[in-house]
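Got some structures for you, see below.
Next, two complexes with chain A in common: one pairs it with chain B, the other with chain C.
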Partner chain A sequence: MRRIETGLGLLGAAALVLAAVLAPWVKFVLTIALAKGIAVIGILLLLRAGQVSFGHALFIAAGAYTVAFLAPVVPDAIVLLLAAAAVATLAGVLVGLFVTRYREIFFGMLNLALSMVLYSVLEKFYSVTKGTDGIRVELPRVASVTLEREPYEWAIFAIALILALGFAGLTRIYLDSPMGQALAAIKTREQRLEFMGIPARRVLLAAYVLSALMGGVAGGIIAMTTRHVTPLLAYWTSSGELVFIAILGGAGGVLGPFLGAVTFELVRIYAGAAVAEAWQMILGAVLLLVILFAPGGLWGIIAHGAGRQVGRRRGAAA
Partner chain B sequence: MAALLEARGLRLAFGGVRAADNIDLDVLRGEFLAIIGPNGAGKTTFINMTTGYLRPQAGTITHEGERISGLSPRAIVRRGVARSFQLPQLFTEHTVEENVAMAVAAREGVWSAIKPLLRMGWRDEARATLDRFGLLGLAEARADALNEGARKLADIAMAIALRPRLLLMDEPTSGVAASEKMAIVETLLRVLRNADVTAVFVEHDMDVVERFADRVAVWSQGRIAALGPPAQVLADPAVRREVIGIERHA
Partner chain C sequence: MAEWFADNSGLLGLALLDGLASAALIFLVAVGLNLVFGVLRIINVAHGSLYAIGAYAAASVGIFLASLGLPDWASLPALLLAAALVGAVLGPLIERLLLRRIYGQEEVLQLLVTFALFMILEDVQKLIWGVQPVQHDLAMRLLGTYDVPFAGDVVPFTAYQLFVLPGAALVVLIGLAWFLRRTLTGRVIVAVTTDREAATAMGIDARRVFLLTFTFGAALAALGGALSSPTGAIVPGIGAQTIVLSFAVVATAGLGQTEGAALTSLLIGLGRSIAVYFEPELEVVVPYIIMVAVLLVRPNGLFGGTIMRRI
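For the complex of A and B:
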């Protein structure tokens, strides 16, 4: 399955580049989708441990606001992304030390509560955050080069794509390692881990911090793509969106989050254009269909099909 | 023979129920010590206190001369004391091989986030451990697909992969078909002797105790009512009446 994932990942990346070349308007949508996919990989890590975070938009907002605050001072995309990752990681450690003491609904709701605290802070401290007006993000340089709008968009798209492939690959390696496997063990027999000498809470904390880092990077990309950040980035519906994408794409593989994110963004745009007042209903219907007929999400359908193909080939070779 | 584990004056009560009432026990290096007694006598409580799940309200437990009572399960397992469970605690979404490899990884360093769990050395050791328990044929089966006997053995294989000096087993044959029991205990004993592991096991089947235990400790209302070789202890009329009689009606 690892080879299939690698192959499909590269194929998917090529398809996204082709789509962006053929329809330049879609580049913006795909960059946002890639960013959200990176954040949803973090959700996937926590889902492996049986935990759902309903507040992970907190880290997206942390990354996005870091970029917005620092862009006038350090106007370089790479440095800004590193700063977004660092701030979100620090936030992940602080929040994670607290929330990883809890499980299931308490874990989910505490994350939600903390993200709403950040939302309120961003909304109310107008003198610093500009409240609901948000902050416009200065156009940063990319690798010390000042770019016009079109090449800049391509550069951010390329950065998002490279980071998406990188995080997907790293997550696959992580999930196959003892640390990653111990995450799944938290879901089934957490107590046994302790009796084997494995600190379950620290294993979950490590995954949580990693997921926060990815959330921060995603927020940084979103800020540099939309070039405007508002408190809505931390609102609970943004966190719900991430969980929605995780279920839509499927948590069985590292490509699921990207499949889900791209599908989500495209369905949202087309549904919004077709039925402006009822696009959420169409998204809801899509999710309902996936839950009813493909519980493994979109990735589950592909993995099932790929598995059958491999089986057929092996059967033919035998 | 020198004592590997020493329990002195252990006390623990749950409300008005005394689960451990001044327990003194030496577990001798290399022995296979059976713990018997009626339900609620405090047998599992002793295992839970020794492995860090419960803290005694009074008394001490030392292992190899080092105090372990009051330490966390993780700290205790690092000091060479492992356990298995009455209800096997397998990672049900993993294969049997992965379950044991996880124990090998736990021993060698779970913080490896880069190398795969089933990398060469760990996988080989996991498979070798499963082979010793006669489970190699089930290595790639999911843990939740095993029958009760195989689940029990896999649970103990995980504990053995931690390379303990002392292993505590809570009812290793409960729920296992009568026809499988003796074979399972024989396998267990062979592995434990080869690995030079001292073992304490809670058991309800007196035939198993009589045949395999070096010594037997009889638990009754949180106290040790008798301790000695099985032939002597099981012949005691009081033990037969208080423990074996109840067992037959359980």
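For the complex of A and C:
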């Protein structure tokens, strides 16, 4: 299974590169999709523990604003990404220490509340954050090389792709490790975990901090791609999108988030502009349909189809 | 300190009165959220949308009635009519079509379903009422203002916010206590809240109780929205703001605590309005600071007991 997943992951990455080469305008969309996919893996980790965060846009915004604030001082994409990851991780530890004391609705809503606080702070303190106008990010260098716009976009796309593969692999290893296995136990019977001498809070906190780190990296990539950050990054709709992508992609494999994110961003390009007024409504309706009728998400549908194929072939061999 | 009070007493008085009025609105929403959670065991994320829809509906009903040439005083019962309408239409619709499918499912799924509903309702509002602010403050203008003496100063304040809003909250608080303790339907609801299985075994139709409670909770949210509509412009986004705020109240008070929710609404309402007048940047942050501070000390809320957890 793991080998199949690795193969599919590389195949998917190749397909994305091909798409970006054939249709250069799609590169921008795919970079954003990859970034969101990285953040969604974090949501997936928490979903493993049966917890859903309605406020993970907090970490995306933390990463993005870190890039925006530091870009004039250290205009280098790699350094900026590291800084974004560091700030988001720190925020993840602080917020995580608080929210991992709670489960289910409390967990979800406290995350939502804290992200709304960050949104308000970013919006209200105009002197520092320029409020809803947002901050423009100047073209940074990449590994101390100054690039023109076109090669710069390619470089960020490549970085996003490498990071996406890296984080997907890392998460797979994490989920297979005892720490990852313990996550599923939080969902089923947390007390049993405690009886075995494993502190459930620490298990959840570790996953939470990892998810915050990935959120920060995603935010950094988004800031360097759109090159304009606004408080909207922290608004509840952004968090809602992450949850949506996680459910759409399917909570099964680590590739689900990317499948979900690419589908989501492409659909948004076409449908989002046409029905801007009803965009959230469509998201909500699809979310309902997936939950009620296709609990495995897109990944589940594909895996189910693939499973049937394998089964049929085996049946023919016997 | 004394000097500061002398200089700012007018402002402080205004802040306290404003806080009282907004506490009344928050309470109406929070108490509905609490009630629905107590019976259905679902925290309805879309509860804030019902508040927003109640507000929009009240403005529309008010404008419609005014266009019929009805006398001005009709704008007050129109608010109640709008709230009842929203509750009676959307309540059963949501419970029957959606919530009924997910009782007893994983909690994370229930959360996601109400969250999806919230996303849908947010856009439904934009489609029906547009994104421009909607305003209809006839009910508030009708009652005029009232001069409140405060610390040697006189603070003019609208009679609507001074009497109608806290009055409505008080009526709901006392009425709900009476309803739950003294009427058969109320006691049935309490029975289902306490032990659903035992109540069902005694012949109580839990499904009917679920439907009734959800409709009632939805009507309370809509009532909060309807009563808020004359006090200012209704803009997109109040649904999200309201659910987060009323959840903050419910969490700070402790899940399922009605009287506790009343006190906590007051605490958060006052905290917020004092911030509005003295440190406007902090307005949105204050409720959460209160919530986080309380939850750090008392994880089950100010009035919440220990929650039994399955083993």
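Things to note:
Convention: the second predicted complex is superposed on the first by the 285 of 318 C-alpha atoms of A that agree within 3 Å, B and C clash if a C-alpha of one lies under 4 Å from a C-alpha of the other, contacts with A are read in each partner's own complex, and residues count from 1 in each chain.
Just so we're on the same page, contacts are C-beta pairs under 8 Å (C-beta built on N, C-alpha and C of every residue); 3 or more make two chains touch, one makes a residue touch a chain.
Just so it is clear, the structure is predicted and the values come from calculations on it, not from any experiment.
In the superposition on chain A, A:121 contacts chain C only, with no contact to chain B. In the superposed model, A:47 makes contact with chain C only, not with chain B.
Touched residues of chain A were counted for both chain B and chain C, and C has more of them. Contacts of A:109 after superposition on the shared chain: chain C is touched, whereas chain B is not. When the two complexes are overlaid on their common chain A, residue A:181 makes contact with chain B while staying clear of chain C. Legend: residue contacts after superposition of the two complexes on their common chain; A:173 is shown touching chain B, with no touch to chain C.
Contacts of A:281 after superposition on the shared chain: chain C is touched, whereas chain B is not.
Of the two partner chains placed around the shared chain by superposition, chain B is the only one that A:203 touches, whereas chain C remains out of contact. In the superposed model, A:191 makes contact with both chain B and chain C. Shared interface residues of chain A, touching chain B in one complex and chain C in the other, are 189, 191. For chain A in complex with chain C, the residues that touch the partner chain are 47, 50-52, 54, 98, 101-102, 104-106, 108-110, 112-114, 116-117, 120-121, 124-125, 189-191, 236, 240, 243, 247, 277-281, 283-285, 287-288, 291-292.
Chain B makes touch with chain A in their complex at residues 51, 53, 72-74, 77-78, 82-83, 85, 89-94, 98, 102-103, 105-107, 109-118, 158, 162. Touching chain B in their complex are the following residues of chain A: 173-174, 176-182, 184-185, 187-189, 191-199, 203, 206.
Touching chain A in their complex are the following residues of chain C: 43, 45, 98, 101, 106-109, 111-113, 115-120, 122-124, 126-127, 240, 244, 247-248, 251, 280-281, 283-285, 288, 291-292, 295-296, 299, 309-311.
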